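So, here's a batch of structures to check.
Both complexes below contain chain A, partnered by chain B and then by chain C.
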Partner chain A sequence: MTSDLLATILSDLVSPTLLGLALLGTVLGLVFGALPGVSSTMALAVMLPFTYGMETAPAMVMMLAVFFSSVYAGSVSAILLNIPGTPGAMITLLDGHAMARKGRAAEAMSYALIASIFGGVVGWILLVLLAPTIAHYALQFGSPEYAAVVLFGLALVAYASSGDTLRGLAAGAMGLLVGVVGRDQVTDVPRFTFGTADLQGGIDIIPLAIGLFGIAEVLSLLCRSKDAADPVPESAGRTWPRLRDLVGEFPTALRGSVIGTFVGAIPAAGSAVAVALAYAFEKRLSRTPDDFGTGIPRGVVAPEAANNACVGGALIPMMTLGIPGDSITAVLIGVLLLHGLRPGPGLFENQPDLILTIYGGLFLAILLTAIVAGAIGIPVYRRILAIPQRLLMSAVLILCILGAYSVRNAVIDIWVAIFFGAVGFAFIRLNIPVLPLAFGAVLGPLLEENLRRTLLIHKDVGVFFERPVSLLLVSVSLAILVLPTVIGLLAKLRRPD
Partner chain B sequence: MKLKFMMAAAAFSAIAGSALAEDFPAGPITWVVNWPAGGGQDTTSRLVAERLSDVLGVPVVVENYAGAGGLTGMRELAGADPDGYTIGMLGASSIIQQYTTDEPVKMDELEVLSFFGPDPGALTVGAGTPYQTLDDYVTAVKEAPGDVPNGNDPPGGASYISASFMEALLGLELNKVPYPGYAPTVTALLGGEVESATVPIPQVLEHAKAGDVRILGVMAAGRHFLAPDVPTFAEQGYDVVAGDFRAVVGPAGIPADRAKVLSDALVEVLSSDAFVTAANAAGYMIEPLGPEEAAARIAAFDEQVYPVLEGAGLVTNPK
Partner chain C sequence: MSPTPSDDAARREVVNDLVSGGLCLAVSLGLAWVHFAQAGRLHDNFGRDPGPALLPQVLLLCLGLAGLGLSARGLLGLRRTAAMAAPGSVRSLWPALAAVLLMAAFIPLRGLTGAAAALAVIGAALAVLAGRTDTARWPVTALMGGAAGLALYALFHFGLSVPL
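And then the complex of A and B:
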């Protein structure tokens, strides 16, 4: 197996067609992912028709390259513009953009790249070595566990977002309400659609994030421009971090990668959950948790290692069970089906060549992303900051509107983006964190659907406390939410001055 | 010189004009898919679109309009100009939605161009369950009404309707647990969260081969080509025929000559050996039928499904 894999990687590297297509995929992924409003799923869907005429192997190699490099590039607009390029980069902007404001934009992008490559490699190794084992555990994840892990994620976001806890919780609750709009997943009854058919599909997370982060950022820059102060200075400092500093981030990157791989392997959990877990975990372990959000490399390394490790993780259920781990792997399965291959548990026995192609292709994607992004990507990206603000922001606004529309080819999504642009702008002015709202909208529907399904099947809330995984997750979530208050109260009681 | 140029321009536009009227299609055709990229509706559409493009000699561009359980895409399709340049794939759920949703797209807003094929429902149980045969399963469900959890779509989806058909025709009561699509349903079946599922054969075939699930019966008139060992419900004494189907449609009012060009091209593609091989390999049954026969099949499904929907209390827009 190992020697076969090495042989596949070597033959990929010397085949001009495969190498060329992988290179093309990497470059396109680095462009698409960095554009605000173009998610990895969209990048893959755009490339899908080009795979019709290809053989299976080159098609998969190209798509994997687009997949991996676009996940990294999502961090670029998060760092430079405070706009997440993909939902998986929503956490990266906290410290990434703060670093950019300090003039360390290029360094933040390098940290993101190194963490992404590290996460990618760890995810790849776990995929190659442990795919069937991890898939077995992922299958044990039923509706009660999903509901518990989502609750855990929400608790961690409340904990991780800086500033006023009460405001954070209020924003999170609004996010949960936004997630209720549209057809109910359990009964198929439309809710909060205000009588229009347009809202029956619910509020898609991408237009919401585009508005909340992108349009709101453009609006607040417009207000600030009167002060004539450039909010993000051109990156003057070093591009590559010192080796000594990198070594210090190693444990963080490793933890983030492992979290990313496992969360990625749970079907439908997705990278948004993984990055929230990785970031909050690091904040919890840190001796100086208050530094998070002020622009420290650790706040970039944790989520970036996690979201790129998710790529390997998401491939695990696809390779072992033929089940898509997320909307991105769903497109990859589509490519296989179009080439007459049905992925399933028999893939390892019946299609060993395909397994090797995918393993080799992902390795190639990681390698090329490292080289292309390091040598060309970051030097090009950093020049974005040299573009005059008014031109840059006009382009960003156009991309935001275009991106919102192209998710589902629906005009309503443009209005959703504009609406949440106004909401995000108001939040910035009122000093309310926007991140809990976005996560509430992502996680709320998942929580509701799985909670109600749990009750449909088990007919009793007690099930959450009978199953070990859900018991653990629910207890820890409650502890995170309740403990700070209790400790605060106790401290007050002891010192009644 | 100027006059010559104008004459040439006039002649050119005259040729171009007549070409538009007679040589349909003269430009790219948009193929609407009402589900996201990568799903069954998308894959079948792309399989056809790629080859339809060769037959018609113009690009056929697949566009995904996902959302609202497929309704967003059907609205896009029904609302498009009926000039033949916008067509798309129709599934069984769109027939059902006529009666179960507010402001649905009605079949009279669409023009049927060809049938693609059926995708019959099947009953699959987890390997860890005690049910070895369909008889075992039916007996167990009758003994504990409402207790056996069955994985299916949300109400109105094809696998939900398959489960409802089974309940109505066999006098059963299941605990129908909704999942957002076939993939999560199969995951739940493999993980043991539900005991049975009513998804089509291609979704469970590989897992059955691996011994993780057992397919107890196919809800079709004949056996499925991918699983010739699995008996139909009827063979086992239960008269249940249910499941999904696909057909190619456009907005109502496409000029007859253009509709004929499209139908003929579609039937040609769907009948070709190369296409059938590719579609079968991906797990899809092909039954190429022209517009009249396709419309008859859809009408027959409509007749059959309406009473079941009524019985399940799902009808909010009565016929």
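And then the complex of A and C:
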């Protein structure tokens, strides 16, 4: 197996066709991923028609390169512009953009790249070694466990976001309400559509994220007085971190990578939950948790390692069970189906060469992302900061309009982005964390689907406390939300004054 | 004794709690009214399925409770903190409002002049708005903002085949 894999990687490296397609995919992924509103899914969807005339192996190698590099590049707009390109980059902006504001944008992008590559390699190793076993355990998850995973993710985000937990919970509830807008998937009954046809399909997450993070940030900058203005300065600092600083982040990267791979392997949990979990975990372990969100490398390394480790993790259920881990792997399944192949256990028996090519292709994508982004990407991205603020703000707002529109070519998405831009701006002014709202909107449909399925099958919410995994997740979620308040109250009572 | 900056910060958080709490209560009550007034099958009995009304009702309740909690905390904080020395002014928000209106103007302008011209005009206006305190001359800023709008139009329309 190992020798076959090494031989495949080497043959991929020396094959001009595969190498060329992987390089093309990497460059396109780095460009698409860095554009706000152009998610990894959209990048893959745009490239899908180009694979029609290709053999399966070159098509998969190119698509994997787009996949991996665009997931990393999502952090670029999060760091530079405070706009996450993908849901997986939502956490990165907390410390990444804060680092950029301190004049350490290039360093933040380097940390993100190194963590992404590290996470990608760990995810790849675990994919190759543990694919069948992890997939087996992921398949054991029922609807109570999925619903509990969503609650757990939201609790982590409410706790880990800046501001306080009560405001975070209120924002999370608003986000979950946004997630239920549109026609109900089961009964086709409209909810909160206000009689308009445009909202029947629900609110797309990308325009919402563009508004909450991109537009709101620029509106906030516009309202600062000249003296108080603190925009992203052109990075005068170093591009690459010092070796000893990098070594210090190794345990964080490793923990983030393992979390990312395992959460990525849970179908539909996705990178959004993985990055929140990795970030909250590091914050919990830290001796200085208050530093998170102020612009520390650890706040970039943990979510980025988890985000890119999710790539390997998401491929596990896709390849072994035929279940897409997220919308991106759903497109990859589409590539296999286009070529007459059905992913699942049969793929391992009938197409062992293709499995090795996929493993080799992902490794090639990681390698090329490291080389291209490191040598060309970061220096090019860095030049964005040399653009005068007035032009950058104007361009970002136009980019937000175009990015929102291009998701579905629908005018309603522009309105959604503008509306949530205003909401995000109000949240910033009121010191309410924005992230739980976005996460709630992402996870709302997943929560509802699994909550209803649980109640339909088990008829009782008590089932959450009867199954060990859901019991553990619900208990930890409650502890995360309640313990800090209880500890704070106890500390106040103990004070003599 | 006049309030110190840290007193002001504490008072601002109290005001934020009150406004956030009021906002949560208003949103939960408003949406509850929309939800319960909706005719049709939303509130039907769907047999064993808990139905499409369950989660919205739970969430509206949670949001309302969070609003009550924030309001109560804000009201308690009012007693403990002194009034701010320099309260914030709503007038300082005009650039954000202007930017929102300019972005919203894209949709009608696109119908009138086409997307390229609309983006050029809006790009120019937004650049002038963002550079209002800069020393750069505004016609130059407007020209560069317009050019940026056109460049982004070209990228999305021709590069990504987005039908603008």
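The rule we apply is simple: the second predicted complex is superposed on the first by the 486 of 497 C-alpha atoms of A that agree within 3 Å, B and C clash if a C-alpha of one lies under 4 Å from a C-alpha of the other, contacts with A are read in each partner's own complex, and residues count from 1 in each chain.
In the analysis below, a residue touches a chain if its C-beta (ideal position, glycine included) is under 8 Å from a C-beta of that chain, and two chains touch if they have at least 3 such contacts.
None of the values given here were measured: they were computed from a predicted structure.
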| item | value |
| --- | --- |
| Clash or fit (per the criteria above) of chain B with chain C on chain A | fit |
| Partner chain in contact with A:401 - chain B first, chain C second, else both or neither | second |
| Superposition-derived angle with apex at the Cα centre of chain A and sides reaching chain B and chain C, degrees in steps of 10 | 90 |
| First, second, both or neither for A:409, with chain B first and chain C second | both |
| Which of chain B and chain C A:133 touches, first, second, both or neither | neither |
| Partner chain(s) touched by A:288 [first = chain B, second = chain C, both, neither] | neither |
| Touched partner set for A:186, first chain B, second chain C, both or neither | both |
| Which superposed partner A:143 touches (first chain B, second chain C, both, neither) | first |
| Partner chain in contact with A:17 - chain B first, chain C second, else both or neither | neither |
| Minimum C-alpha spacing, chains overlaid - chain B and chain C, in Å | 7 |
| Interface residues of chain A shared between complexes with chain B and chain C | 184, 186-187, 190, 409, 456 |
| For the chain A and chain C complex, residues of the former touching the latter | 38, 46, 166-167, 169-170, 173-174, 176-177, 180, 184, 186-187, 189-192, 194, 215, 218-223, 225-226, 388-391, 393-395, 397-402, 405-406, 409, 411, 414-415, 418, 421-422, 425-426, 430-432, 444, 447-448, 451-452, 455-456, 459 |
| Touch list for chain B against partner chain A, complex | 36-39, 42-43, 46-47, 50, 61-69, 71-72, 75-76, 100-103, 149, 154-157, 175, 177-180, 183-184, 186-188, 190-194, 202, 205-207, 209-210, 212, 277-278, 281-283 |
| Of all residues in chain C, those that touch chain A in their complex | 13, 16, 19-20, 23-24, 27, 31, 34-35, 38, 40-42, 46, 48-56, 59-60, 62-63, 66-67, 69-70, 73, 92-93, 95-96, 99-100, 102-104, 106-107, 119, 122-124, 126-131, 133-134, 136, 141, 144-145, 148-149, 152-153, 156, 160, 162-164 |
| Chain B partner contacts - residues on chain A that touch it in the complex | 41, 44-45, 48-49, 52, 139-143, 182-188, 190, 197, 200-202, 204, 267-268, 317, 321-324, 327, 330-334, 337-338, 340-346, 408-410, 449, 453, 456-457 |
